[in-house]
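Note that the chains are named A, B, C and D in the order they appear, and that numbering of residues resets to 1 at the start of each chain.
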Amino acid sequence: MKPAPKPAATKAQMQRLLDSERFLRPWKFRLIRADGQECVVALPNSPSLERPGGIVNGPALMAAADVAMWLAIKSRLGMAHDALTSDLNTVFLAPATTKTVYCTARILKVGARRFFGTAECHDRSGRIFTHHTLTYVRVT
Amino acid sequence: MKPAPKPAATKAQMQRLLDSERFLRPWKFRLIRADGQECVVALPNSPSLERPGGIVNGPALMAAADVAMWLAIKSRLGMAHDALTSDLNTVFLAPATTKTVYCTARILKVGARRFFGTAECHDRSGRIFTHHTLTYVRVT
Amino acid sequence: MKPAPKPAATKAQMQRLLDSERFLRPWKFRLIRADGQECVVALPNSPSLERPGGIVNGPALMAAADVAMWLAIKSRLGMAHDALTSDLNTVFLAPATTKTVYCTARILKVGARRFFGTAECHDRSGRIFTHHTLTYVRVT
Amino acid sequence: MKPAPKPAATKAQMQRLLDSERFLRPWKFRLIRADGQECVVALPNSPSLERPGGIVNGPALMAAADVAMWLAIKSRLGMAHDALTSDLNTVFLAPATTKTVYCTARILKVGARRFFGTAECHDRSGRIFTHHTLTYVRVT
């Protein structure tokens, strides 16, 4: 794979999106980095995310994967462009109980209309909680 | 497929779960029915669920699928039993913009440890927004 | 869902495709029916399909799903049109050991470019061996 | 991820399996390497693998992924142990037309009963044709 292109969006622009979109605000996602190919977001754990058993609920981890890939694409195309999720497959591998969940998304293929990539939710040491594959379709 | 068994949990018990679990409360899910095999939940749309473009955000629909299957299983096993999602695959087929999104989950296979089924988010007339396959693993 | 359109290809035309394509011939697929929306094919079991344990090997069942959906689409569009698989998700639910494996594919959504549907491999009585979701992209 | 354990099966043992199993023989798979964590197999292209359009048929690529992961697991557990595919998700990213298709499978998680990993079919230079996620369940 070729070296990542220059990010087409700044970290501040992308964090602002996470903070301003009403549907995203409750998650309190924090952008760690996004370089046009790979994106890492942090999801702070809290009692409001816990399902019975004291583990982070599954939709929260799928949201993290969806958002991390969305920002990976924004960081490649620029904030004015948008893409919609067309497929998101998730495998839950281990319960997430850490204070912070990280999600790393990687674009593996950029087509004329479709983006394909993978994402993983993991802890700080790289222990994997979930594995995802995602396809996005460019709309603007 | 054999006739659905008698539900092992009441509608009131299951609605109480939707209302009391902190991680679920923000969605305001309403249980329409759950009979031990099939479960229908309603997700009321609102500005807080809209992603850019004015459509219901994807994680909300995946949450609906996850919850509908969870309650389908609860309605089969009883409230004291629990199961965790191990796989959830989603295909987004059409943008959801209706006032209410319905999600219908169906258990297709009950194994010794695994439950497998499908779910669809749709409008009142049956128009499909998303299609999901789900595997749950019984834990208690 | 609306009533299935008139099949745009005859059973004889589709069976000829199964018999003439070199990559398909070894499977000896037999078309049961295809009506523009649903397609059923039969896969005759034989020692050459058995993996250790005496069960039909997984790729054979995935091939059956792929072929059944391909013919469902041909039966809708006509033989002159083609579509390529873009996504195929499979869950293996029970080992297939019957003399004949049936695979039923259903088109659930026809878009401008994409077809989405499900398929199931099963025995004569409807017992499910595998469940599949498939997306095809129209190329001609 | 920890360093790969010593392979529990020799290359000759695994190639013999590919050559002797009737359901595998037609593919003429060649084992490149398998080290207990990662496995690479080669699938020689030929006219008998071509679907219309002159590209390698999809089931052949799914078979390559299934076999590569199977041998990755054999190389970890030893030839006397077996595991069955429980989930196999495939995304087709680009048509495969090369003389040889390589498939690289990687075990990402080893659980008490389940193995999870990814596989990719690609050409010699690393260009990806398909991406797969696979779950296997240990049976012996």
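Heads up, the rule we're going with is that a contact is a pair of C-beta atoms (placed from the backbone, for glycine too) under 8 Å apart; a residue touches a chain by one contact, two chains touch by 3 or more.
Please read all numbers here as calculations on a predicted model, not as lab measurements.
Most remote from chain A, judged by the distance between CA-atom centroids, is C. Between chain A and chain B the centroid-to-centroid distance comes to 23 Å (mean Cα coordinates, whole Å).
If each chain is reduced to the centroid of its CA atoms, chain A and chain C end up 34 Å from each other.
Centroid to centroid, with C-alpha atoms defining each point, chain B and chain C lie 28 Å apart.
Each of the following residues of chain A touches two or more other chains: 87, 89, 91, 135. In terms of which chains touch, the assembly is arranged so that all chains touch all other chains. Residues 21-24, 26, 47-53, 57-60, 62-63, 66, 82, 84-92, 95, 139 of chain B are the ones touching chain A in the complex. Of all residues in chain D, only 87, 89, 135 touch chain B in the complex they form. Residue ranges on chain B touching chain C, taken from their complex, read 1, 87, 89, 91, 93-94, 108-109, 111, 116, 118, 126, 128, 131, 133, 135.
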